[in-house]
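Think of it as A, B, C and D in the order they're written, each chain with its own count starting at 1.
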Amino acid sequence: MTTTSEPPLQLTAGVQLVRPSSSLGVLARPKGDTGWKSWLFTVDHKRIGIMYGAAALVFLVIGGIEALLIRLQLAVPGGNVLSEDAYNQVFTMHGVTMVFLVIMPMAAAFANYLLPLQIGARDVAFPRLNAFSLWAFLAGGIFLNTSWFLGGAPDGGWFGYAPNSGLVYSPSNGMDFYALGLQIAGIASLVSAINLITTVLNMRAPGMTLFRMPVLTWMLLVVQFLLLFAIPVITVALFLLTFDRLFGANFFNVAAGADPLLWQHLFWIFGHPEVYILILPAFGIMSEVIPVFSRKPIFGYPFMVFSGIAIGFMGWGVWAHHMFTSGMGPVSVAAFSLSTMFIAVPTGVKILNWLATMWGGRLRMTTAMMYSVGAVAMFTIGGLSGVTHAIAPADTQQTDTYYIVAHFHYVIFGGSLMGMLSGIYFWWPKMFGHKLDEKLGKIGFWVLLIGFNLTFGPMHILGLQGMSRRIHSYAADSGFNLWNMFATVGSFVVALGVMLFFWNIGVSRRRARGAPPVGPDPWDARGLEWMTASPTPAHNFDRDITVTRPDEFWHRKWRIGPDGEVKRIARAADVAHDGSATDVHLPSPSYWPVVVALGLPLVAYGLIYNLWITGLGALLILGGLYGWVFEPPDDPEAHDHHDDHDADGSDDSGNGASGGGASSNGDGAPADGDGARELAGVGAGLAASTAKATGAQP
Amino acid sequence: MTAEQPSARFGRPLWRRLGLVGIALAAALALSACADEHPLDTLTEAGPDAQEINDLFFPVLGVAIIVFFLVQGAIVYLVFKYRARRREAAAAARAEEHSGDGDDLYGDDEYPAQVHGNLRLELAWTIIPTILLAVISVFTLISLVELNEVSAAEDDLRVTVVGQQWWWEFQYHLDGDTSTPPDIVTANELVMPVRQQVPLEITSRDVIHSFWIPRLNGKRDAVPGRTHPWVIEANEVGRYMGQCTEFCGLSHAYMRMYAVVLSPEEWEEWVQGQIVDAAPLEPGDPGFEGQEVFLANCANCHVVNGVTDVNLDGRLDGMIDYAGANSITSALVAGAAPNLTHFASRTTFAGSIFDVYEGRAEWIPYLEVAERGDLNRGHLAAWIRNAPERKANDADGARGMTAFPGLTEGEIDSLVEYLTTLR
Amino acid sequence: MSQTPPAPPAEEAAPTLEGPDGPLSAHAHDAVHEHPSDRQYVKIALILGVLTALEVFTYFESVHNLGDAALYVILIVLMVLKFVYVVAWFMHLKFDSVLFKRIFTAGVVLALGVYLIMLTAFRIWGV
Amino acid sequence: MSEVANPPPAVTAPAGAGHASAAHPPTNTGMSHNKVAMWLFLGSECLLFGALISVYMFAKSRLPAGEIGPLDVFDIPFTSVSSFVLLMSSLTMVLALSAITRGEERGFRVWIVATALLGGTFIAGQVYEFTVFYNLGLGYTTNIFGSAFYTLTGFHGAHVTIGIVMLMSALVANLRGRLGPRNAETVELIGLYWHFVDIVWILIFTIIYLFPQ
């Protein structure tokens, strides 16, 4: 049941319109909507989304440069671009960066920006917590990368198998940075998952039932559930590793009777859901882009949704396919081999439904569409090689070879990254008010696609010819020379493609200056996010939108006649909001999310170097939380809004005068314990996770 | 293994035919399936286990390739068939207007029939792959069972394989009893008889490694604290390359190995040569000086059976003791260095990345050392002088062989001389 | 495919999670107001106390000759009972929205499933 | 402008609407964000403690013979008492909530203090237990059992400690007039967390302490 009778667009439950005294008295609340401070302290889901995306792109360049170093080293046999040690750090950080600092935040960017818009909400459920997620993620990412300058980056591979990741075998601080950095990023993801699920469950526009939600929203919801349940598993694994390394625990100490497979199980119980965390957002994006540019609704909406849910579920029962050769026993191998294979079914449904969406459509091959179609094609290749890994006996030949490297680059680069590039081209006008250049975009697409296949296609062959992963060099007579050279050349073509993308951003920005804005709906799209001005105004929508069917916005523009003919009934500009509302009350910026997030890396540095720094970080976290809890989500002085809502008006004056006691809230305004309530709600989770980082060592 | 009668297996002929698609493509892709050029090639099997795996892999690859062509073909078809024609003029006009209606790019206001789905179609492409995969899973299970069969008798040869940073140790139990000290201990080259299934027990002394001779069988991880059964068998006499495939630190890439497959007679001869201890050299014997230098510098890590005066049982104990009870007095984490008793009978050293003899012959008669050409003095001397420079390791000597800056060139020469006596 | 008539607006056909007993149905939440009385809480606490006493009782000799298997069964049953009582009554799950029940059950079931499989793969049950 | 342009926050219910409306803002589910979030968090915590308990069970099964283990250190009667204490704190917690929903702030304070005290007693018991174990020769690094035991119970203890901090914050907020019947939901949420920590101990007590060793 949706509460259509009641306005659903509240900012946060328990939001407090007025507070008699300002937060701590010491610090004035951050104000204004321009300048760097307006970004640093923002709680606007759109700005947060954009910053997630920007950070992801920066990390893409870092991870990409690492990839290029790998390829340079492997271009010819016996390469000496990197030392053995450096190579191990570079490929480890390449994997970690690409997975945790590129694809995940890129997905978070889309989730933050689009999810509230697609369900017709004003913001996420906990705006400040959202800001905290961003900064915690960034803190974790930067923390990880500082390891380069502090005695060496992690060198145990992105899945950090124990005991090689233990102190004896990896004595530099690198793996400590790995364990703690991922822990911090994990806190960010967990908090964000809670936030976004609550948003979807609670804040949909009137009439926006779950089965009217866009497929992207659905996929993002599934992803948040996967994060919710998967993050704690790696949290535990990383704690065990940290405790082993820093405090001499025995979890992976074979001499004490430990079994290294424990790490593998824990890592992959997280790790396999993780790969669906990486792909489902892209699936969602493709499910938005393809219908728009095919001019048809998504084919088989319920199947699309349920297959996404099914993938999410089945993703929990296949983890040990990464361990077919680990010696876990034939029964486990058989069971996981079978469960893995059948994941191809719901995935195949998605692929074929996309094709069916295109079938009989009028395909407008824009850049966004090309990336989406490209992603379908490339992902299929990766998925099919995935099925050949699932055949456990065959995987004993394939595992840890470049055949696997080919598989996961096809699914991650070819699926996730291309899908997200599609999303960037598609929603760029919504985010920035101008399109990216189509011509450059298409050239970039072809360069990228060709380079991508040139790089990773040959890796299938290399792998089947027996080239192992994670080797910093190969012998000249192993027969790997030719295809490695191809791959290296290809990787530079990819780099060119990526550079064209960045170039496009620059060119398009410059061209857009002074040019008329793009209008709310440049693609004749379907989702609610297009029903407001571009770029999206801070308050998202001017009015409430009542949803009566899927693709509500499209149906307001077009009508399907009795003969199935589609007729325009309105122009987008007439239907969409122009963003001119001035009386919208928004949550105010806040310092505290940044402060708390800043404490996290300090705690982590301290654990590595000096416990005093940990203390400092803990103080920062505690102080930040305190400030946070006692700061109202909303600052009455922040902006001068014109309320036309009676209750609000009276709240403003009535409560402002009274001295802040609970009893003073006689007019129904919230009591002052609201902050405490947010603490209890999610602050508890946050506090618990931070405390795990600080207080849980015996 | 039931490799003797492959065609008798359930459904195999048809299954194999499907595999032809896979084979064709794999072969085409690989350009050359010549095993000499690709010593680690997984597609040119040389043993029944690898054969079993490829019998399963090729048909699945065939299915995958068919699906690949269907999907890619469909994409290309759809894109060309249903592509909207750009209407440049109209587009320009719209762009001028900036109506924000989303058609300024294509100037196309037309919509095709709005199809929301088709239950029957969707069920079809849910059920068909399911059936396909169910069939594949049956064959997968069959293969799994077959691959886990051990045909060797209880008292046949059994080899304990021990991985460590960054070399392999092979402990031979000729009577099949792995609970007793092994009869032969060698490094990096797994010598084995042809057409005989050799059961292995794979383990590790430090981190996780993975034992893999691609042309003979898939891989199996060497996990410390665990012993994993595995089998290996070769159809033909030859030399098959292997590589550690689980990331194990600095010199992971340099952790290779060979399976050396001998005819039954040669195998017998090899065994006879290996089970004897080395004889301590007397003053005046060639290599005697080297032996002295060896005992002074090398014997706290390396064993030469019969020469180094350390308790043999402690050294060669097939049971790996992690509690530090190794009789090795060095700081080696793994607690073991290659056994050098018959060093000169091997063809490669240090994780099989260097040749003991000059010139890597296509196939060296394994037992006739005399025919192998000249000793690779340069490599050996360089190794003894400064091993970390030749093969990255932990510089403090805890993992891998330390450098010996203190040795004079003369001493190094004498050591090389001594090593050649260890046949 | 193209001959398929335009499908009915999906919202009619689409299943809904928000129907009378969908996970998002809020109808159960009216029950929240019927908080159990303090007396009921005390009663539950008494039951919990007794169950704990029973648990501790198994520790002392008398039950030992039942054998480990029986002991495991008894202890697990008692544990689950306590778990359910606290969750249902003290955490109000019995009275609260089904949504919460499903979220929490999802967590519990997932944890049970995944970790039991993991421990089974390690064969720690001695079988 | 329409009613939505200025979405009235959930809690600004018309005057006199009573506490119920504050507790149930007009969200799609009818549940407040905070409560949904708390349950999601608890769902997530299941996987966390599930992993820790599994790691413990696994570690115990791998403890080499002859090493100091559960049988050498556990003092069941003692732990039974502290388990009972924690269990009863759940009762006082729920009574505190019940009190504040009825507007009995005095009762609320009494029960909340009682809860915190019981929790504190439990923690004190745990500290004592750790000391005894340590003196018996079981350190954190002694063996795999020690590492797993202290990590699991340490995580639980940390959760209890955070719970106590939240209880005390609620008490202070109430004393300062910032937490009344109107936001009883805050107390409810703290309670949810507290009860969850309690049920985790129910599992730990049975699985770690009482199961036949």
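Brief remarks follow.
Convention: a contact is a pair of C-beta atoms (placed from the backbone, for glycine too) under 8 Å apart; a residue touches a chain by one contact, two chains touch by 3 or more.
Computed from a predicted model, the values in this text were never measured in an experiment.
In terms of C-beta pairs in contact, A-D outnumbers the other of C-D and A-D.
When every chain is reduced to the mean of its C-alpha atoms, the one closest to the centre of the whole protein set is A.
Chain B and chain C have centres, each the mean of its CA atoms, that are 48 Å apart. Spacing of chain B relative to chain D, judged by their CA centroids, is 51 angstrom. One inter-chain figure worth recording: chain C and chain D are separated by 17 Å, centre to centre, where each centre is the mean of the chain's CA atoms.
Taking each chain's centre as the average of its CA atoms, chain A and chain D sit 30 Å apart. Residue positions of chain C touching 2 or more other chains, listed in rising order: 1-2, 6, 10, 24, 26, 99, 106-107, 110, 114, 118, 122. Contact of a single residue of chain D with at least two other chains is seen at positions 28-31, 35-36, 40, 43-45, 47, 51, 58.
Residue positions of chain A touching 2 or more other chains, listed in rising order: 1-3, 201, 229, 233, 257-259, 261-262, 266, 297, 301-302, 356, 359-360, 560, 564.
Of all the residues in chain A, the ones that touch chain C in their complex are 1-3, 201, 209-212, 225, 229, 233, 259, 261-262, 265-266, 269, 297, 301-302, 316-317, 320, 328-329, 332, 356, 359-360, 548-550, 560, 564. Of all residues in chain D, those touching chain A in their complex are 1-17, 21-22, 25-38, 40-41, 43-45, 47-48, 51-52, 55, 58-59, 62-64, 67, 130, 140-141, 143-144, 146-148, 150-151, 154-155, 158-159, 161-162, 165-166, 169-170, 173-174, 177-180, 182-183, 185-187, 189-190, 193.
For chain C in complex with chain A, the touching residues are 1-2, 5-6, 9-11, 13-18, 24-27, 99, 106-107, 110, 113-114, 117-118, 121-123. Residues 83-85, 88, 156-157, 161, 163-164, 168-170, 254-255, 257-261, 294-297, 299-303, 325-327, 330, 333-334, 337-338, 341-342, 344-346, 348-349, 351-353, 355-356, 358-366, 373, 376-377, 380-381, 384-385, 387-388, 391-401, 438, 460-461, 464-475, 477-479, 482, 516-525, 534, 558, 560, 564-566, 568, 571-573, 576 of chain A touch chain B in their complex. Against chain D, the residues of chain A that register as touching in their complex are 1-3, 6-17, 122, 125-126, 190, 193-195, 197-198, 201-204, 228-233, 235-237, 239-240, 243-244, 247-251, 253, 256-259, 262, 266, 541-544, 581, 583-585, 629, 641, 643-645, 647-648, 651, 660-663, 665-674, 676-682, 684-685, 687-688, 691-692, 695-698.
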